[in-house]
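The following pair of complexes shares a single chain, chain A, combined with chain B in the former and chain C in the latter.
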Partner chain A sequence: MKRTSTLLLACFLVALPLVVLLLWTVATQWLYPALVPQQFGGKVLGQMLQEPNFWPAVLNSFVIALATTVVTLLIAMPAAKVLATQHFMSQRLLTFMIYLPFILPAIAIVTSTQMLFIQWHLTGTFTGIILSHTYFTLPYAMQIILESYRKMGQGYALTAKSLGAKPWQILRTITWPLMAPGIATAAGLTFIVSLSQYLPTFFIGGGKIMTLPLILLPYANNGRFGLASAYSVVFLLVTMIGVLLLKQLIGGWHHGLRN
Partner chain B sequence: MTKKSLLFLGPFILLNSAVILAALFKTIQVSLGYYPVIGLRHYTLAYFKTVLGDAAFQRTIGYSLYLALVATILALLLGLGMAFILLKTSANHPLLANFFKIPIALPHIIVALMMLQVLSQSGLISRLLYQVGLLQQIDQFPLLIHDKGGIGIICVFLYKEIPYVAVSTLAILKQLQLGYVQVAANLGATPRQIFGRVILPMLQPILATLFIILFCFTFTSFEVPLILGSPANETIAVTAYNLLTQADLTVRPTAFALNFIMSLICLAMTLLVLGISARLPGGRRHREKD
Partner chain C sequence: MGLEISDVSLHYGRKQILKHINLQVAAGEILTLFGPSGVGKTTILKLIAGMQPLQSGALDFRGDFSQERTILVLQDFWLFPHMTVFENIAFGLKVRHVNTTQIAQQVQAMITILKLQGLADHFPDQLSGGQQQRVALARAIVLKPKLLLLDEPFASLDSSLRQKMHQLLLELQQQYHFGVILVTHDRDEAFELSDRLAVLIDGEIQQIGTPQTIYEQPQTRQVAAFIGGMNFLAGIIQGQQFQFESQEITVVNPNQLTGPVQLVIPYEVAASLSHSGIQAEIVSLQWQPSGVLAHLRVGQQTLVLTNIQGELHPGEVVYLQFGANLQVVAN
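Entry: the complex of A and B
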């Protein structure tokens, strides 16, 4: 009973700030010391929709996160396949290498690669931003996909091969169905991580390419609670749409095969 | 290594190891004073001396260390506690257990905004205290945002990291519950032996990993202290950001020296924690005493 009330309390503490955030998006007047807004309305939402940067930021965020997810998976899947069964370096060194982006300060990596990206004319471009996001999302994706490869093992694929299956048959009927849940999780996480990046988008994009965090941060910093909350809700909606879409795309193929 | 595995690994190495090495090379080069864009071509340790000798930079580093250590240790303790709670309750209350995990997916900027709306002097808690008569004036509410102690900043990290630690350790706790503890007790192990031989060896490696990830993130985090921090007490990443966004390029070598020093602190802390973890029960280098 005591444990359940602790869990209830924890959930209440999680929910409270979220409710306040939602209330700020629909409040037209909420002066101190009122506990709930004095007036409700769609004024803040209308104001946000009329901002010239709103739709570009939503679209840019979505496109960059989706492209980062594709690039991250295309890089992580073959790399994880090799690394899951490799014997040329110690497992500990490999883990350390994959996790280094979690350890090294983002601001140090972003600002020094920015100097290289300037030389290569990648600053202010989508390519530059997507590549810099991929650096930050790779450890998350590698962690999950490596784990999936290790769990699957090589047994099934080897059995199929010795029974005469062709490589694409093995991929289509064995590897992909077994890997799909892990890949869908990795894709969703990559999308979320890419969408919330501020520093790489700011420094590599050079302020030319607007995304949701780039608009949200100054509003939050200046205490523009209404607008900042409205952008936050849009942000969360874009996250949900992206994650569900990726799950459908990756999981869908998997289910299609089964039937 | 075959040609095929090189081809498979190449892009990963390019975007992971090559980026790190290139960034490290640039950081060292510029922080040592080689920055031809503004005519600096002579290597010098002057910028490192500036950063390490200046009282303001020292304060910045010390303050960031304080925030990172407090937030990380509290998140680990409370997260582990919540993992025990989830272990016992998640079967009966799956909905609540899943709801508790939501903060993991929320971006730091949004959580910082939410803390602003709840903890600031005109925030929800202040309004609540006013309504029940505990406050007569708004400025009687203690400063929790832009304060010297960084309470607001710590709250953001706790909000996001307690569920993260709970979820990460829950899997291990489930294994423990599957009988290891009972088996040890049945075989006559004392509570101390059960802790030292069963619980600690299974839990400490994941706690060490979590400590490293959380410490390095909070120590150099930028968005949260920017929104909630006190201008008098800057954190290390905010200081670096302020230097690096100036039009004046002559401050860049100093900023890169600061970048290099914070990277070194993160690496040193990582190696320290990995070293300690390896020597504890369950670690690679642990020696049985008896």
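Entry: the complex of A and C
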């Protein structure tokens, strides 16, 4: 009984802001002190869909986040493999280095990156944005995948090697399926973090490439709660679709896995 | 046919792990690397299996021995948790692209030989320790290895199960005629399974020989101490003559030692009562399943023996003759 009520309370606390978001999205009039909107309608939704940048922003956000996830995993997986088994660096130094992007102020990184990227002609390009996002997503992915590697240990890969498996066979049949839960978590988190990036997209994209946060934030700042809420709902949907897609792609392979 | 390891050394940074290791394994032989933990026994296996690059020295696979036909079975089995018993055993065949019918046949044969019937579709976490061990062996043996490297294979099993697994390993080895390098720190296991024993202490091979030689004639005090259950009798050696406590007997002195040394007398060496030999007074007797444990006094020193033939009485003075050539080691 106590357990159920705690669970219900948790659900309520999570759901409450979401309900407010949804109400704002379908409200045409919601004035103080009413608890629910006085008038409902599709005006806000219509406004959002008519925005010329709406569909490009959704698509850009999705593509950038997905590409960032792929790039992040491509860097984090081999790096974590090496770092999980190395002996030349202390674990504390390693952890410090992984978290470095969090410790350094993002704005300093972004502005200096922008200067470099201008020279390299990467500003205003998808490549530039994806690279700058990757910088901020790597710590999350590294930490999760590193932990997965440590937890898995070297024994499975060594055994597979001894039984005659080639490196790509080990990756495909042993490492990948065993790490799939960890990789899926890392991928999902990377996707979410990339999708929420504002600063690097704003600076490196130079306004040429629109994403959801770039449209959403000004509305929220200007008190246009209806539109901001509508965009937030879209934002949530894109996040969920992306994370589920990644989970399906990565996690779907470990059909035999127990635990 | 076989494997010859010559002059293999290994450093991690400044730390020396292995010092000039020389070993040979012949086809169908069980060689045991026996030593305390952390002396680099597993490292030797990894070097042989090619899991770790060789820094110096050479591995010479002869005849139909090769690194490809050498399989390492690590401690704790490492059965792939996301694969069934069948898939685990089939793994090595699958990565070699053996066709499906042959895989099914060979895996089925292994399942029968290792008594894993009915478990083919089970996952490793549904198996007992003994079953996991048998799957690990099946997974290696199905590949018809020439040399099997076993790292503490029975360490996690209880003692009665361990006995059965020893027997099974010997049977499999007879049937498939593979050489084995076994790593263990368990004395009984080393004595029971080995054709030859290599005692590894501090990254160095201290002695190689049959279990009996190692037990009865350990080369150094370190080897004797590691094997355990040894009496050390202090005295003076001159040629073959060992003088102690105003007695003198003839012993083996392969290292040509002179001066103060220790005579090594294993607890369980066969001893019989006689009219000459080491004179000792029986202090106490204690019954044990393996024989009567006798505490004896030789002058100021004490002896423990468990394998004395004949009637013993506390307080009696006896003369002991030993069934093996006793040997002296340096202090």
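Methods note: the second predicted complex is superposed on the first by the 240 of 259 C-alpha atoms of A that agree within 3 Å, B and C clash if a C-alpha of one lies under 4 Å from a C-alpha of the other, contacts with A are read in each partner's own complex, and residues count from 1 in each chain.
In the analysis below, a contact is a pair of C-beta atoms (placed from the backbone, for glycine too) under 8 Å apart; a residue touches a chain by one contact, two chains touch by 3 or more.
Fair warning: this is a prediction, and the values are worked out from it, not measured in the lab.
After superposition onto chain A, the partners chain B and chain C occupy separate space and fit alongside each other. When the two structures are aligned on the shared chain, A:Gly223 is found in touch with chain B, with no touch to chain C. In the overlay built on the shared chain, the residue A:Tyr156 is in contact with chain C alone; chain B does not reach it. An angle of 90 degrees, to the nearest 10, separates chain B from chain C at the C-alpha centre of chain A in the overlay.
Of the two partners chain B and chain C, more residues of chain A are touched by B.
Applying the stated contact rule after C-alpha superposition, one finds that A:Leu104 touches chain B and leaves chain C untouched. In the overlay built on the shared chain, the residue A:Leu93 is in contact with neither chain B nor chain C. For the overlaid pair of complexes, the smallest distance between C-alpha atoms of chain B and those of chain C rounds to 11 Å. The residues of chain A shared by its contacts with chain B and with chain C come to none at all.
Of all residues in chain A, only 87, 155-156, 158-166, 169, 173-174, 177-178, 254, 256-259 touch chain C in the complex they form.
Remark: chain C residues 12, 46, 49, 51, 68, 71-74, 76, 78, 80-84, 87, 91-92, 95-96, 123, 125, 139-140, 143 touch chain A in the complex.
Only residues 1, 5, 7-9, 11-13, 15-17, 19-20, 22-24, 26-27, 30, 82, 85-86, 88-89, 92-93, 96-97, 99-100, 102-103, 105-118, 122, 124, 126-128, 130-131, 138, 159, 162-163, 212-213, 216-217, 219-220, 222-223, 226-227, 237, 240-241, 244, 255-256, 259-260, 262-263, 266-267, 270 of chain B touch chain A when the two sit together in their complex. If you check the complex, the residues on chain A that touch chain B are 3-4, 6-8, 10-11, 13-18, 20-21, 24, 32-35, 74-76, 78-79, 81-83, 86, 88, 97-109, 111-113, 115-116, 131, 134-135, 138, 142, 192, 195-196, 198-199, 203, 213, 216-217, 220-221, 223, 225, 228-229, 232, 235-236, 239.
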